[in-house]
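As written, the chain order gives the labels A, B, C and D, with residue 1 at the start of each chain.
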Amino acid sequence: MIAVQAEPFEAAVLLADFSARAAGAGAIASFIGLVRGENDGALVSGLELDHHPRLTERTIEAIAADAAARFDLIDVAIVHRHGALAPGEAIVFVAAAAPHRRAAFDAVDYVMDRLKTEAPFWKREQRSDGAHWLEARDSDHADRRRWEAEPR
Amino acid sequence: MIAVQAEPFEAAVLLADFSARAAGAGAIASFIGLVRGENDGALVSGLELDHHPRLTERTIEAIAADAAARFDLIDVAIVHRHGALAPGEAIVFVAAAAPHRRAAFDAVDYVMDRLKTEAPFWKREQRSDGAHWLEARDSDHADRRRWEAEPR
Amino acid sequence: MRILFFGRLGDLAPAGPVPPGVRDTGALRAWLGRDRPELLDASIRIAVNDEMVLGNRALDEGDEVAFLPPMSGG
Amino acid sequence: MRILFFGRLGDLAPAGPVPPGVRDTGALRAWLGRDRPELLDASIRIAVNDEMVLGNRALDEGDEVAFLPPMSGG
């Protein structure tokens, strides 16, 4: 389940589909990233997600394949919005099914770190104090570097 | 959302409810633990979860409160089955909503580690090679010890 | 006094009436352990009236004492 | 040659026709950077025909070149 789409999605529906197909899993970890209604004390009225369409799909497929190779997984899902989003809407859904919980947790964490720093999306927040382009934070890059050592 | 129940639950429905009430969250991490259909190469036909009713509820409430105190959370949910479960059924659902993803990930990971080692449940697997009581694995205790240092 | 065994201890023989001299958790464990030596293992924890007990604790007539093997929640 | 600017670079003036002497990504970046110095920053990455380019890469007439500021997915 890999998708980059302009249409809103219901993360709980995606999780239900994903779980139904993850036969034999003992552990399913998932993550939903949402548009927050405020940032740095300013109200956020919307989020615009620019993206490079083909490069985005290619990057997300590569991240999913890397996660599947690195962790003992049964399945992995990545669904990402682009375009105009309202506060409260889901930006991204990531899920991993595995025999045991550590692999499922680590895979979702790993996918999120790579999406934050490598997936060709650019976020512009519409705030009460104007429009602001966002970039990955230093902590995102630090998180990403945790995975540069060999898998344990 | 804290519950210990004999009735089966749909984790995706719980996630939908939880998400709807987590206003302002930028991140929702969740975990589902499921009965596996095999273990150590033997087929599993069912899982029986013995528990100490009042101590279980008290322990789970304490774990949820500790998670809320330790991480920057908006909300946390823990739902746990007891009684007789079939392969593929959910044993436990944990979710955490937070402004940012690290707190949400860590909170779910932390709650699971504490449930594995401290919640008064006892699992008996019905396998093709007989009934087996399970205990937390060494890796569960090692995972639990990760949280003994001060919160970062 | 009510005595409960959980998990794999549930297969043990139920405890009979507790002798009057048994007035704390340490003495209760030792008395029960004569016929059920697995209860003497340090991994078996005790809860009294739904609270975990560390060390020894005095017991009254109306107490409920639970013997708990290592847990496996989640 | 098609030149695309993403994210905050989308506010830059569109690129005009590329002079014949500009035959690789390094030369293209230098030529565009004369009017748009933010493109010279090392944080701006380049993709050609949907593939990320590390170092310099030769360019043809039909290539599509994308200038990518630091990303913020997820």
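Here, contacts are C-beta pairs under 8 Å (C-beta built on N, C-alpha and C of every residue); 3 or more make two chains touch, one makes a residue touch a chain.
The model shown is predicted, which means the values in this text are computed figures rather than measured ones.
Engineer: Supply the minimal count of touching-chain steps required to go from chain A to chain C.
Structural biologist: 2
Engineer: Between chain A and chain B, tell me the centre distance in angstrom, where each centre is the average of that chain's C-alpha atoms.
Structural biologist: 23
Engineer: In whole angstrom, what separates the CA-based centres of chain B and chain D?
Structural biologist: 49
Engineer: How many Å are there between the centre of chain C and the centre of chain D, using C-alpha atoms for each centre?
Structural biologist: Their C-alpha centroids are separated by 73 Å.
Engineer: For chain B and chain C, what's the span in angstrom between their mean Cα positions?
Structural biologist: 27
Engineer: If I count partner chains per residue in chain C, which residues reach a count of at least 2?
Structural biologist: 74
Engineer: Using the touch rule from the top of the page, what residues of chain B touch 2 or more other chains?
Structural biologist: Answer for chain B, listing residues that touch two or more other chains: 33, 101, 112.
Engineer: Between which chains is there touch?
Structural biologist: A-B, A-D, B-C
Engineer: Show which residues of chain A lie in contact with chain D when the two form their complex.
Structural biologist: Chain A residues touching chain D: 33, 50-52, 54-55, 58, 80, 91-92, 112, 115-124, 133-136.
Engineer: Of all residues in chain D, which touch chain A in the complex?
Structural biologist: The contact residues of chain D facing chain A are 4, 6-8, 10, 47, 50-52, 66, 68-74.
Engineer: Give the list of chain A residues in touch with chain B in this complex.
Structural biologist: Residues 10-13, 15-16, 19, 23-38, 88, 99, 101-102, 104-105, 108-109, 112, 139, 143 of chain A touch chain B in their complex.
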